[in-house]
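Have a look at the structure below, then the notes.
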Amino acid sequence: MIPALAADGLLAAGILALALGCVATRRAFASAALFIAYGLLLALAWARLDAPDVALTEASIGAGLSGVLLLGGVRRLEGLAEPSPDAETGPLLTILIGIGCAALTVAIGAAVLLLPDPTPSLAPQVAANLATTDLGNPVTAVLMSFRALDTLLESAVVLLAVVCVWALTPEGGWGGVAGLRQPVVRDGPLALLARVLPPLGIVIAIHILWVGADAPGGKFQAAAVLAAMWLMPWMAGLAPAPRIDARWLRLVLAAGPALFILIGLGGALAEGAFLAYPPGWAKPLILAIEIVLTASIAVALALLVMGPPEPPR
Amino acid sequence: MTGTIFGLVGAALIGIGLFGMLVRRDALLRILSFNLLGGGVFLVFGAVARRGAGAGFGGDPVPQAIILTGIVVAFAATTLAVALVLRLAAAKDRA
Amino acid sequence: MSLLADGVTILCVLAGLVFFAAGTVGLLRFPDTASRLHALTKADHLGLGLVVLGLLPQMDSLAGILRLLAFWALVLLASAATGPMIARLLRRQGGIT
């Protein structure tokens, strides 16, 4: 009891210290680096909270891909003009905002402490209905069957984000190669990683996807690893970014949500409710959706990190 | 106990993230603070999920699935925010 | 048998923690980036290796043992690659004499 408490306390202290450091530093680069460390500690916190799927997602997307994105953004902003300085918040306003945020923290903390004691929980219902999906992992069952509409909308949101990022293409760049052109790095440690890691990463991602049916894992974590395996050779200049008007790219991006919607409509026709699975067909349909959706989301995540195309100079 | 500790950490993160978003002027730092705010909200959810443990699971799977969805959506929003900031800076640079 | 396994685990993990602590002290106290890199990569590699070695007796299946070794290999690969990357960047910026 006491060692566990001490470990949790240290983890909590670490997370808070890193978060404070993130907010308080002067340089954006230091902030981004601290954010990545914070994300990794947060993944450990999720593991302590008995949420391994969330821990995997936080480590891969929350710390990994977000960190890459923010570091890239910091770097590119350094190369651009001096940011026009908005007026620094005056000391009185800062103190007032601080008091307000502290009050909010105390209020939410009180809510956490005053949670009702026979905690209302949906775990029994999930356990009772788990057999209909033939899945062993309850979180996957919730994501793909009980709250499948949320997952469908989530994949639609990711697709929408890709479209919005593309919409930020500067004049004359539409249809071009996504992201900044990366200088080719033929040898050295980056090239080594870019050559050695992708095969391993692809196998690991497929494993995470497959195992997600019965053990912690699933398609979002697998998609994040796959996206990272594309981004690494791209960053080394060894793999080209796709042109955003490429037909295959748009087909892959749309295939996941489209299949999900089609199966949902099929469920509406067969069972009378959108995204209802016919009995006995649940697991094959879920697997089909997961496989195609992983590919779509992996490509979408990679494109989100690469960014909009730049116009040719 | 674990749930409560991390729930309180989540509440603190909400405060820290909100403070950073309102006080810092640099756009990327604000995006970072927004992510901290999101992380705090997810931790509060996680505390609720942990307390809802039962029926053989370590935690209530429904809030966990929602947190997972939230992390992915927050990432998508962050990428859009970063792309907007870069575009704005490039436009000012050219002007 | 279990006592021996637990004893090995405790010893190795403690030794690994000592090396991690040493690496962190080096990170905080060394004067320039190159020596800090040195402290980080060397001490952390050894620390991780000892921690993994200590956890091996606790695994109850071959798959678990292989997985731990795979973690070790991947972390080794990643940090063995990032150390030189940071050093190259440093040399380009003129920080290494």
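By letter and in written order, the chains are A, B and C; residue numbering begins at 1 in each of them.
Note that a residue touches a chain if its C-beta (ideal position, glycine included) is under 8 Å from a C-beta of that chain, and two chains touch if they have at least 3 such contacts.
On a predicted model such as this, the values are computed, not experimentally measured, just so you know.
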Next on the checklist: Does excluding subunit A break the complex into separate pieces, and if so which chains end up together?
Outcome noted: B | C
Item to check | Most distant chain from subunit B by Cα centroid | outcome: C
Checklist entry - Quick one: subunit B and subunit C, Cα centre-to-centre, how many Å? => result 30
Next on the checklist: Quick check: how many Å separate the C-alpha centres of subunit A and subunit B?
Outcome noted: 11
Item to check | Touching residues (chain side subunit B, partner subunit A) in the complex | outcome: 1-20, 22-29, 31-33, 35-36, 39, 42-44, 46-62, 64-69, 71-80, 82-87, 89-90, 92-93
Item to check | Residues of subunit A touching subunit C in the complex | outcome: 188-190, 192-193, 196-197, 200
Checklist entry - Can you name the residues of subunit A that touch subunit B in the complex? => result 4-5, 8-9, 12, 15-16, 19-20, 22-23, 28, 31-32, 35, 38-39, 42, 45-46, 48-51, 53-54, 57-58, 61-62, 65-66, 69-70, 73-74, 76-77, 80-81, 83-89, 94, 97-98, 101-102, 104-106, 108-109, 111-113, 115, 119-124, 126-128, 138-139, 141-143, 146-147, 150-151, 154, 157-158, 160-161, 164-165, 168, 170, 218, 220, 297, 301, 304-305, 307-308
Checklist entry - Taking the complex as given, what residues does subunit C use to touch subunit A? => result 74, 77-78, 80-85, 88
